[in-house]
Amino acid sequence: GRIGFDEAILCEQKTVPQIAEIASRSRDTVGRRLFTRLSAEKFAALPPDLCGAMIYDAQSRTAVLGATAPGAGPPRVAIVSAGSSDANVVAEAQATLAYFGQSTQKIEDVGVAGIWRLLERVDEIASMPVVIAVAGMDAALPTVLAGLVPSFVIGVPTSTGYGAARGGETALSAMLASCGPGLTVVNIDNGYGAACAAMRFLRMADRVRQAEVPLFS
Amino acid sequence: GRIGFDEAILCEQKTVPQIAEIASRSRDTVGRRLFTRLSAEKFAALPPDLCGAMIYDAQSRTAVLGATAPGAGPPRVAIVSAGSSDANVVAEAQATLAYFGQSTQKIEDVGVAGIWRLLERVDEIASMPVVIAVAGMDAALPTVLAGLVPSFVIGVPTSTGYGAARGGETALSAMLASCGPGLTVVNIDNGYGAACAAMRFLRMADRVRQAEVPLFS
Amino acid sequence: GRIGFDEAILCEQKTVPQIAEIASRSRDTVGRRLFTRLSAEKFAALPPDLCGAMIYDAQSRTAVLGATAPGAGPPRVAIVSAGSSDANVVAEAQATLAYFGQSTQKIEDVGVAGIWRLLERVDEIASMPVVIAVAGMDAALPTVLAGLVPSFVIGVPTSTGYGAARGGETALSAMLASCGPGLTVVNIDNGYGAACAAMRFLRMADRVRQAEVPLFS
Amino acid sequence: GRIGFDEAILCEQKTVPQIAEIASRSRDTVGRRLFTRLSAEKFAALPPDLCGAMIYDAQSRTAVLGATAPGAGPPRVAIVSAGSSDANVVAEAQATLAYFGQSTQKIEDVGVAGIWRLLERVDEIASMPVVIAVAGMDAALPTVLAGLVPSFVIGVPTSTGYGAARGGETALSAMLASCGPGLTVVNIDNGYGAACAAMRFLRMADRVRQAEVPLFS
Amino acid sequence: GRIGFDEAILCEQKTVPQIAEIASRSRDTVGRRLFTRLSAEKFAALPPDLCGAMIYDAQSRTAVLGATAPGAGPPRVAIVSAGSSDANVVAEAQATLAYFGQSTQKIEDVGVAGIWRLLERVDEIASMPVVIAVAGMDAALPTVLAGLVPSFVIGVPTSTGYGAARGGETALSAMLASCGPGLTVVNIDNGYGAACAAMRFLRMADRVRQAEVPLFS
Amino acid sequence: GRIGFDEAILCEQKTVPQIAEIASRSRDTVGRRLFTRLSAEKFAALPPDLCGAMIYDAQSRTAVLGATAPGAGPPRVAIVSAGSSDANVVAEAQATLAYFGQSTQKIEDVGVAGIWRLLERVDEIASMPVVIAVAGMDAALPTVLAGLVPSFVIGVPTSTGYGAARGGETALSAMLASCGPGLTVVNIDNGYGAACAAMRFLRMADRVRQAEVPLFS
Amino acid sequence: GRIGFDEAILCEQKTVPQIAEIASRSRDTVGRRLFTRLSAEKFAALPPDLCGAMIYDAQSRTAVLGATAPGAGPPRVAIVSAGSSDANVVAEAQATLAYFGQSTQKIEDVGVAGIWRLLERVDEIASMPVVIAVAGMDAALPTVLAGLVPSFVIGVPTSTGYGAARGGETALSAMLASCGPGLTVVNIDNGYGAACAAMRFLRMADRVRQAEVPLFS
Amino acid sequence: GRIGFDEAILCEQKTVPQIAEIASRSRDTVGRRLFTRLSAEKFAALPPDLCGAMIYDAQSRTAVLGATAPGAGPPRVAIVSAGSSDANVVAEAQATLAYFGQSTQKIEDVGVAGIWRLLERVDEIASMPVVIAVAGMDAALPTVLAGLVPSFVIGVPTSTGYGAARGGETALSAMLASCGPGLTVVNIDNGYGAACAAMRFLRMADRVRQAEVPLFS
């Protein structure tokens, strides 16, 4: 495609026949495809031959049609999360990157209410060029990270929490209003989008000849 | 009064004659009074004899009628802020506590985008029974503090920032949705309210015979 | 822990295997743990040996792993509610305090639409250093209380009501905008958070030597 | 008119020429007219002959063209307010009722943060068939009143307060979500609308032959 | 009671045991009681002897314990609705008034998208001292009515519609922002509250000796 | 242009130099241009030669560069408004249509709080193929119109009113949620957009050979 | 009817008996009727004779009572959609137009994230006098279309997407704020309303004698 | 600093003395500093020696203390905007990148209402590794771009527009809800943040050895 990677199929508002038709067409043409936000019920309701050609993962709610092979090299993307309630969003980001051939480094449950757990892992995180920071509720994790590491940080607000968490709206706003300079943000629970951004980063990185251009400060 | 301390006069939506009348009546009866959210323009427009009987502080936008004497003892309330843009809210809390005879410990500009600045001061903060944590934008400071110190933490969201900061709404929601257990919150920019809560704390503390009741964990 | 009491496990967005794993690990290490927002369905789905080691309470939706022993002394925390529809939030606060060894005084259904019911109980409430005030809809109860008693008041807005009650948002905003000085607030339906704040209060109270520092007014 | 009283002119978004034209036409036809939300600046900019024919009141921001004569009988409408910051809304309701020939009973600054001030005046309020209850911030006053008196209560939320008061939105929502049965509400700061509702009440009251129809309970 | 009629029990957030306990206590003391927002499921789950002592109405979702006898006189309250989707709110208002001994006049499905249907009924509506106007979506009905009839108009916004109707929020705001002078409003879907307001009106009406006080205009 | 008419210049967030540059370029190329939301201050600050080449209209806040000649034929677009506070939005729609050579029929101040004023003009309105309906606050006018006339109705919500009118948001939502079938809506205060929609209508109308295709009902 | 076509019955908040009654009455009087937002469950629960007299379409959730005959002529309305998740809204618009005797041209899945798919179809779309543009999420499709074709464009925001898509609110706001001149909008998911607007267009088109009135630019 | 570049000073809510103090301290220590959201009035009010040491730019509202030297190499960051009303946000991004030694490629006024203007520049944009896409109102530009170019796209919503544009909220939500895969977003009007993200990208790019890791698709 024009943008260097093919689009996934967002299944949430699609019917089973619609999904089946897309899967069938993909199998016969490009040969592989990623399906996101696919419930176990819908997956099970697909025609058996399509089910058989896909690998379903319940936690990330993704299905992969065709071959996937995580890259052989060391991971260049860290996925860091605040709590174990954020696990399915972490999984969606990881599954998407795996589909594109990228291995990832997961560092979970290091939210800032227990900041020492995060501090113990900072060097590990700082060694990664790209960091996907997943957090709900007050979502302070990406802000703190953006102040601690030079990596490119992509914040993913999650819909965990209740009341004033407002289904992820507070986490989203907090990341956007953050005083952590250069923090970028994607939609609530959008692990897929964060992974796509990471892919853009990796593909564009070799176009940059950083060393040639001096940076102030 | 019934609650152990007298109420301040919120001047924002009052006219100069209304404020003058209250000040005049207070001088003739109880003898002292705190005025909050009083603009320099309104203060200057009060009758000269009332102006003369009051001490105005521009940063906190407070005026005190009658005597004030910060207590002689060591401070038991810390006022911690994320950035220098929060200075007027810090000042309002400090002025209110001073009016009630309490000295305070100020620790400013230790927001979590530069978490190491906060970590250097943690022991000092942890030594205070009450901590007023003032922060705007993503307002991660009170959450981090509530996870680091055993003190009673009162969060004050501020209206600093722009766009998704939404005049303090994001900071407010982030504090409420926080995963820092036992963090309490007051209204946006309400330094006065946080100081009153601290006063309630100090007055009630001697009613508690903590030592007699064992705590689990 | 650093803050003097261990954190509870918020089960709402966790899967049964995640909860089982945490419970199992807690049993083998610290020996006790509080679980909140745990549905009866999820509790029943835990492995039998874990279920047997926990005591589940349907109204508060909490489960306790390990020993709990409410303190022997008289209660120092009152839990006051506006209506019987707020009962489950009252129960969560009570269960959390019981887990930490604190007995509580419950005073329910004294909302301000029938203010005489509240006025009959004011002296009783005023005798408690800490008051957790639970109310939904217009949530006037904490404001009225904060004007009547010198106690430290922690307001808990609840999601009762319909239409303009907006799932607790109106109660939350009303408490924050309240003219009752020194009223503090936690998240909607957050009985757990109010109880943790009460715990911070009780633990910090003996650090304060109130008598030594004179208070104005 | 069809509804028994003529409409006032809302001047806020009208230009001076538009207002002048309406005033001039009213003078030449019906002979009298009420103008609301008219700033002192706009009033002063009207043609001198129109200014001379109108009586302007700065606090209520109303002007009356033509004769006004408050009724000779005792007041049947009480206007009760929470704080002195609500004074201009109280004034607008009072001015409107005066324009329609009705005297009123004002009871100000009896908000529920100092509930004893309200309780001292309850009998006086309960003696009035109609009560206009004006309050901002958490706006608990109308709820408490609706539980204490049998009068017809019309709540007017005001835009006083800051932060979570949200320009009167919180007061409005709190009144609507109120558990005080039979409380009715008008728009934020709408003293005029509350007065018109009171006028409808007074005009319709003699159509009701209450004594003939027994009421349960 | 202090306010002239007894309060109903709002069952929505109460459990079956809570409702049973209140019903049982009411039967043994005051003898009668109204229950609102009671689902058919909850009603059926009450102990048989309580069910037998109550009359349940599915459309209004109300149950009455004890005797009800609509007054013998002609109705003085009209209940007017915009569409047939508003029928359950109309029914709640009617059931509440019937509980208090008042008959009502229903005029349904006369929303303003077909204004001629409304115009045919205007004289009938104008003959009633009190009009409860029930409407969802854009809720223009109460505004149009308030301009056409001198009656006291109580608007009840309903949660009908979708999208920008926002569960009744748009109808509520439209009524509050209405240019129909003297229109009063209650909460979304609050037929009970509108009926209570009508009861206040009827009870207070004989306190007013309207004839003695002349009205301008 | 591709769409049959050239775009206007929205001046609100442009600086005077930016506007001058566009005006100058337009004069030298296409020869004519419409400027909207241009304040009198900014217009006066333009270079004299540009000012001289433009005709400014204060009420609509528009300026026209180059020739304008309203069409000779009878108007085919009615602009109907609820109140005189909506006059500047009416003027913007009218000025835009005049710029495109269309005459219009204005029918102002016929809002539904006085529905008889509207009913007197219905036949006149129904004779126009396109109706631009301008209304603020509760904005019931377009709904009522859409039920009364077969014309194509374009609703323009306005920012008149206060409180729950929320700067036009309520009017906008009410129009969108309307039960008047086939009512279309543009942005708040967007008289320009409504006029452009009317232009699209007029240009496309002759492409339709309506008579050839029978319609049911 | 007055407006040239009969209204559909919105079934969402109606009970089965209510729908049955309307269908039965329609059959006996006008003979035909369109039902919208009718779930398959409700349709199946109607009396068999009514079911038999209606044709139900699951995707559009519509039922037609009586005859339908799409016009013989070429379609004059295009229905363009951004993604396959918008298919049910497309179907509702199509079904409504078919009920009124109009054939339509469907062009689906041409959202702007793959703009080249749209560009390939522009000439086809531009040949239609009326374009219904259906899109959710960021809803950029109608804006792009309004800049590319001279047709009358009616935007229908859909509730597809998650998080910041906010159930269609973002799509709605984006269309309203659009810089595409003359774009009109209907409620979220309101395919029915867009079709009614198209019907108004077609019926009014022959009233316009476009050729006689010259247009500038 | 830890993150590879020093933080700028956000001046909006700081007083002139606060800014002066920071500038003075910076001059004496690190020697250079960027100031953002600095009004011309505040800059002029700084002590003359500080003014003299800084270069102020009115359009971007930035001031630079100390040396700036845009890099000698070709630009690797494109700044693309929808309209000329977005110019000041474009300027802030450009000034920030210049401060860090980076040249940029500006491509302005290519919003999607005139999509052909954008299409003419696509190859130029696609040649840049990083694209900052600045747009207000419906903000469709970044979505379209993310579908057309493989570059890393950072969307900056702006507060241009009125009504439903809601000060940039609609643009922000539209970008977040976008179906353009891998689009990242920063706060409303936050040109500074987008530039910082671009800097993180450039600095991290040489850590990636893209060529070594094969990508699927």
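As written, the chains take the letters A, B, C, D, E, F, G and H, and residue 1 is the first residue of each chain.
Please note the rule applied: a residue touches a chain if its C-beta (ideal position, glycine included) is under 8 Å from a C-beta of that chain, and two chains touch if they have at least 3 such contacts.
Here the structure is a predicted model, which is why all the values come from computation and not from measurement.
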Report task. If you line up contacts by residue number, which pair in F-H, B-C or B-D shares over half of them with F-G? Let me know. Result -> B-C
Requested in this report: Give, as an integer number of Å, the spacing between the C-alpha centres of chain F and chain C.
Outcome: 56
Query raised in the report: If you average the CA atoms of chain A and of chain H, how many Å lie between those two points?
Result: 24
Query raised in the report: Where the CA atoms of chain B average out and where those of chain E average out, how many Å apart are those spots?
Result: 46
Report summary line: Between the Cα centroids of chain B and chain H the separation in whole angstrom comes to 36
Report summary line: chain D residues touching 2+ other chains are 7, 10, 113, 146-148, 161, 163-165, 172, 176-177, 179, 181, 187-188
Requested in this report: Give every touching pair of chains, nothing left out.
Outcome: A-B, A-C, A-G, A-H, B-C, B-D, B-H, C-D, C-E, D-E, D-F, E-F, E-G, F-G, F-H, G-H
Report summary line: In the complex, the residues of chain B that touch chain H are 84-85, 87, 113, 160-165
Report task. State the interface residues of chain E toward chain F in the complex, per the touch definition above. Result -> 82-83, 111-115, 137-140, 143-144, 146-148, 161, 163-166, 169-181
Report summary line: chain G partner, complex, touching residues on chain F are 1-8, 10, 32, 67-69, 71-73, 76, 99-102, 129-130, 146-154, 172, 176-177, 179, 181-188, 192-193, 196-217
Query raised in the report: Inside the complex, what are the residues of chain F that reach chain H?
Result: 7, 10, 12-14, 18, 22, 37, 157, 159, 168, 172, 187-190
